[in-house]
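The chains carry the letters A, B, C, D and E, assigned in the order they are written, with residues numbered from 1 in each.
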Amino acid sequence: MSAITLRHFLRKASFVLDVDTTIPATGITGVFGESGCGKTTLLRCIAGLERSGDDARVPVHKRRVGYVFQQPQLFAHLSVRRNIEYGQRRNPGATQSVEDVAQLLGIEALLDRSTDGLSGGEAQRVSIARVLCQSPQLILMDEPLSALDERRRNDVLPYLDRLHAESRLPIIYVSHNIGEICRLSDHLLILDNGRVVAEGGLQETLMRTDLPQLGGRNSGGVIEATPLDYDGEFDLTRFSFSGGAIRVPGRYDSPTVRLRVTANDVSLSRVAADSSTILNILPAVIEEMRAETDATELVKLALGEDRLLARITRQSSRRLGLQVGDSIFAQIKSVTVRR
Amino acid sequence: MSAITLRHFLRKASFVLDVDTTIPATGITGVFGESGCGKTTLLRCIAGLERSGDDARVPVHKRRVGYVFQQPQLFAHLSVRRNIEYGQRRNPGATQSVEDVAQLLGIEALLDRSTDGLSGGEAQRVSIARVLCQSPQLILMDEPLSALDERRRNDVLPYLDRLHAESRLPIIYVSHNIGEICRLSDHLLILDNGRVVAEGGLQETLMRTDLPQLGGRNSGGVIEATPLDYDGEFDLTRFSFSGGAIRVPGRYDSPTVRLRVTANDVSLSRVAADSSTILNILPAVIEEMRAETDATELVKLALGEDRLLARITRQSSRRLGLQVGDSIFAQIKSVTVRR
Amino acid sequence: MDFGPLWLSARLAFVTSLVLIVLGAPLAWWLSQTRSRWQPVVQAIVAMPIVLPPTVLGFYLLILLGPKGAIGAWWVELSGDALTFSFTGLVIASCVYSLPFAIQPLQNAFESLPRKTIEAAWTLGASRLDAFFSVAVPLSLRGFVSAIVLSFAHTLGEFGVVLMVGGNIPGETRVVSIAIYDHVETLNYAAAHQLSLVLIAFAFVALFGMFLINRRWQSK
Amino acid sequence: MDFGPLWLSARLAFVTSLVLIVLGAPLAWWLSQTRSRWQPVVQAIVAMPIVLPPTVLGFYLLILLGPKGAIGAWWVELSGDALTFSFTGLVIASCVYSLPFAIQPLQNAFESLPRKTIEAAWTLGASRLDAFFSVAVPLSLRGFVSAIVLSFAHTLGEFGVVLMVGGNIPGETRVVSIAIYDHVETLNYAAAHQLSLVLIAFAFVALFGMFLINRRWQSK
Amino acid sequence: ADDSLSVAVASNFHGTVTEIATGFTRATQIPVNLSSGSTGKLYAQIVNGAPYDIFLAADVARPKLLEAGGLAVSGSRVTYAVGALVLWSADVALSGEDCHEALMSGNYRRLAMANPKTAPYGLAARTFLQSVDAMEATSDRVVLGENISQTLHFVATGNATLGFVALSQLRSGLPVETACQWPVPASSHAALDQQGVILSRSAKPAAAHEFMAFLRGVEAAAILERSGYTVP
């Protein structure tokens, strides 16, 4: 696996961006960090919209870097199809068929419309299609979903999943929504005040408890799993992963999926109670415990090779007398499936 | 409690809005419905921006109806303070102090800035302050949070709670996010294709199982509760409600709160297991069961006078042999507190 | 050097731009907001004054504003004074002549205002008039600057109309453009060059200042 | 009636607006994008041509474009022909005279383009030039319409400059404005009225059509 | 247009010369192209290379300057017509009255005259006013036309009660009724000589000479007399 080098230095008033790192040349790298930490600035540097780094000489239009902005930035004077063709015509090697890309993003029916009447989610999908059709060597996405409300966000997310699954293109995906990042990225880069504070594979980096940036309601873990069988009677798919088997509503056929389990969805039990409606109860070992707030604790669990976080009240922890090293049962109430 | 009459008829191309109903003259009325059902059109009619209904003669500026748009629509040539004063100066009876309102919305520090550098959440709070300072007799909010990402949305929500708590102003709050509506509204109005399909108090309406509009991930129930005591050691507040007591992290002092429990956060158990970290386990009676998808069922539970929904897999339901009328235990993993 | 004509020109240009802004803004606003089928007709009519050669326009204005003309007769009745050969007459003529240069930029600016912003002003209790002044106008500053610049400069350089309607009366209607013209006609080239330079310098300083302020304002 | 001068005027106005759009658009683009300290200076300079009375401007252009003038001499050397008293000379003079009316609306339109849209074009592989033509220009249509209308109408009504540089030569430089002027001068009022009416009718139809198309386009 | 003669003519003489040129073309088969403008403008154009063969000015000064500067064929400068100044009114209030009387008694609102600086008729009018000591009395009521035709517009449109205009203008089919007119004595001002020259850069000196000769011939003289000029 080759790598992409990011080396950028830029001063803007009192803010300094100073990045020197590498990211994998395939898959999605999530860039995460709080507002004002320099995420957008970093992307602008990579695209050549700001002068920084060694490559300052290469003009923007020769970089073959696709940029999906927070707002779709469609060209109002062109039809949807013309918008998508815009980049294609300008990049000699761009051989993607507009129809194929449109199909990937579910916008075939819109191709001959004007950009006027598009809903936010449709417009953002068109802007992604436009970038794909320019055959970039790298795609930058700057919070492409944050201007969309939840429903329209859910319109777009599956297409990003599909894009990830069907293309080997490296994507740098900026977001401050850790859920989105967990769902989409393979690799994680955490920025703070213009500097890289953490960088690595998604699962390892997510489980680091020394990063205050990762706290909050959305913390949790992801598990790579493979479908085992499908129970048609109850519409449940059983997945196997290193820690056992887990059942999820719906049917999934892809060879491998990523399951996201937020810390809020995991409760712990001393016994494997089969008297409750909780579907997934798995043996686990407590690897680490850390006080989060006055009321809650984050518990890092080992399930085979995989790791999950559970958020429990300190009161419950005390009541059950939980200790690092204890073998307990993780009760998983709900799971989000990706891919 | 007096009431506000909404009587509007409007034809727009093939769309017809036909509303004739009343809503309470205090508290927040949530207007819920899918995209294109006419929510925005209804608000525009009420504000007088579209000609419809009996009051078509009253010009917009004489209606004393405050309108918070999806985008803040601040005036770029005025400072934050001037923006807020804009409505105040134009409505003789407006006696609210700008400082008080700014404090309510946490924007005191922004008052003398230009609107330029405001973040999305700050701008939306300013636009709400502007509407409050015009002392309207009715406030309309058209998805005021949907242009904000989750973090910025959470910046604004507490201020809306506070507004609701501290003012008797009637508010019509449009959203297609049922979570937001549950959190904020007292009263619910459901629109479909330009017509009112349901209307009533929040709790009763939420529990209606004949409304397909209410399905999905966000369904659940709300409970009115009063704080009972506070456990300083574990930072937990105990609330009492008709179905018993429930504990929630954090300290709450208000005389009454609303607890929202989504169907996903409730699991059911035949026994009150004390071996798990689930904090709240309450006796309940199954009142109704309805298949939701091929994999899941919605179960309506009676806890004293209150009602909650639980989403469970059909497989678990079968395994436990759940029946209407059964006495079981509701395990509540997490609770959102409002007010 | 006689600065009289320059001051007179400056005064005329100033008053004309002012009048044009005051009268042009509502017209431009109407043009930008209306959905009437007549809108393009009115828009085309507004552009007509510049289509006629200034002297010819001046000739028609001379008839119209003269004591026997429709407007002139009414004015004589009203004020006892003739409109032609007076500063007031010059202002009217200049306004007619420069109208399109004020309307076009204003209309463009108004058309690019978001409708929601205006609606927000209404719901906040501003009447249509109030919203126009307190929101539409200040947010269209760039259009106002353009309108002022174009009509100011155009009036400074105006000549044919002014000559016709003004009658070249020193101190009253002899503006600087006529003075320069006279110098050129009488082969007094040196004086013409000198006066032209002064006029250009004056106009440059006025416009430069305006652009500078506008730039500061925009980037703020 | 002799339609020669009318066609000549129409041709002149058409060519002039065309040249002004072609040359003015890049200049307006530069003015709208640059952060140079010289920007307001250049902007003020661009407005200068309208500050001078047309006849006086014509006088200076006559000198500059004449066979002894800087530009004229060079042109004679290049083409063997004089610039003054020719259609080409008229076009140059008209362009100078109407420059500000083309620049201002274009600059305003360019300034209100969102920067991000242009940046999007760059990242999609468009060079700066390409992005200008394929994105900035089509999105600034309203500004182009204004620029064309103002410079077209202004050239139709132009007179002082044209008379000076063109020399009132039938078929070559006698445009309709001069023809009307001649009729007025020789007290041939009836012919003047008639020709004025035809000119106004022509201009009205041209501008009305333009506004109508523009309206359709905008509302699409 | 190549074989035609190009004549630059002062605007006020444009109507008359059109008639003369028609006769000339009929007699010689040489077509004539007329370009009119103010004397000062035409002069500036000629100095800057305008392609005219003949220049018919409304004064003496400009032809003289051209001759002195070598731009006109020396010896070709001739007076082709002498104008006459008339005090004129189109104001119905003065119909049947005496214009001169009205001027002297101050019975008018505005008095129009051409700009003495730029137009010979203006200079003549001023000289006349000075000769009768009326400058002071009129000064605040005078409006100046840039040339003699603008002066006529002022009077014809009723904006000025009285005006000093050229006799030739009153003879050219005025669209308005004359209320009164009074010929200003030629002795009270310098002669209103109009001179013409053949330009040195003319490519058709022979035809130009022919035209100048025709201009001073009997046929032209009749036209000039009829148009309100005297023949020198």
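In this section, a residue touches a chain if its C-beta (ideal position, glycine included) is under 8 Å from a C-beta of that chain, and two chains touch if they have at least 3 such contacts.
Quick caveat, the model's predicted, so the values are computed rather than measured.
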Contact distance in steps, from chain D to chain E: 1
Given chain B and chain D, the chains that contact each of them: A, C
Farthest chain (mean CA position) relative to chain A: E
Identity of the chain that, by mean CA position, is farthest from chain D: B
Interface numbering overlap (same over half, different under half) for chain C and chain D: same
Where chain C and chain E are represented by their mean Cα positions, the distance between them in whole Å: 35
Whole-Å separation of chain centres (CA-atom averages), chain B against chain C: 55
Rounded Å distance, chain A centre to chain C centre (Cα mean): 59
Distance from the mean Cα position of chain E to that of chain B, given in whole angstrom: 89
For chain A, residues that touch 2 or more chains besides their own: none
Chain E residues counted as touching two or more neighbouring chains: 41, 44, 153
Residues of chain C engaged with two or more neighbouring chains: 59, 178, 181, 184
Every chain pair meeting the contact rule: A-B, A-D, B-C, C-D, C-E, D-E
Residues of chain C touching chain B in the complex: 114, 116-117, 119-128, 130-131, 134-135, 138-139, 141, 220
Residue ranges of chain E in contact with chain C within the complex: 38, 40-41, 43-44, 65, 109-110, 112, 115, 117-118, 142-146, 150, 153-154, 157-159
Interfacial residue positions of chain D with respect to chain E in the complex: 55, 59, 62-63, 66-69, 72, 82, 84-85, 163-164, 167-171, 174, 182, 184-190
Contacting residues of chain A [partner chain B, same complex]: 35, 119, 143, 146-147, 149-151, 176-177, 231, 233-236, 247, 249-250, 264-265, 267-271, 273-279, 293-296, 310, 312-320, 322, 331, 333-334
Chain D residues within the chain C interface of the complex: 39-41, 43-45, 47-48, 50-57, 59-60, 100-101, 104-105, 108-109, 111-112, 142-143, 146, 149-150, 153-154, 156-160, 177-178, 180-181, 184, 192, 196, 199-200, 203-204, 207-208, 211-212, 215, 218
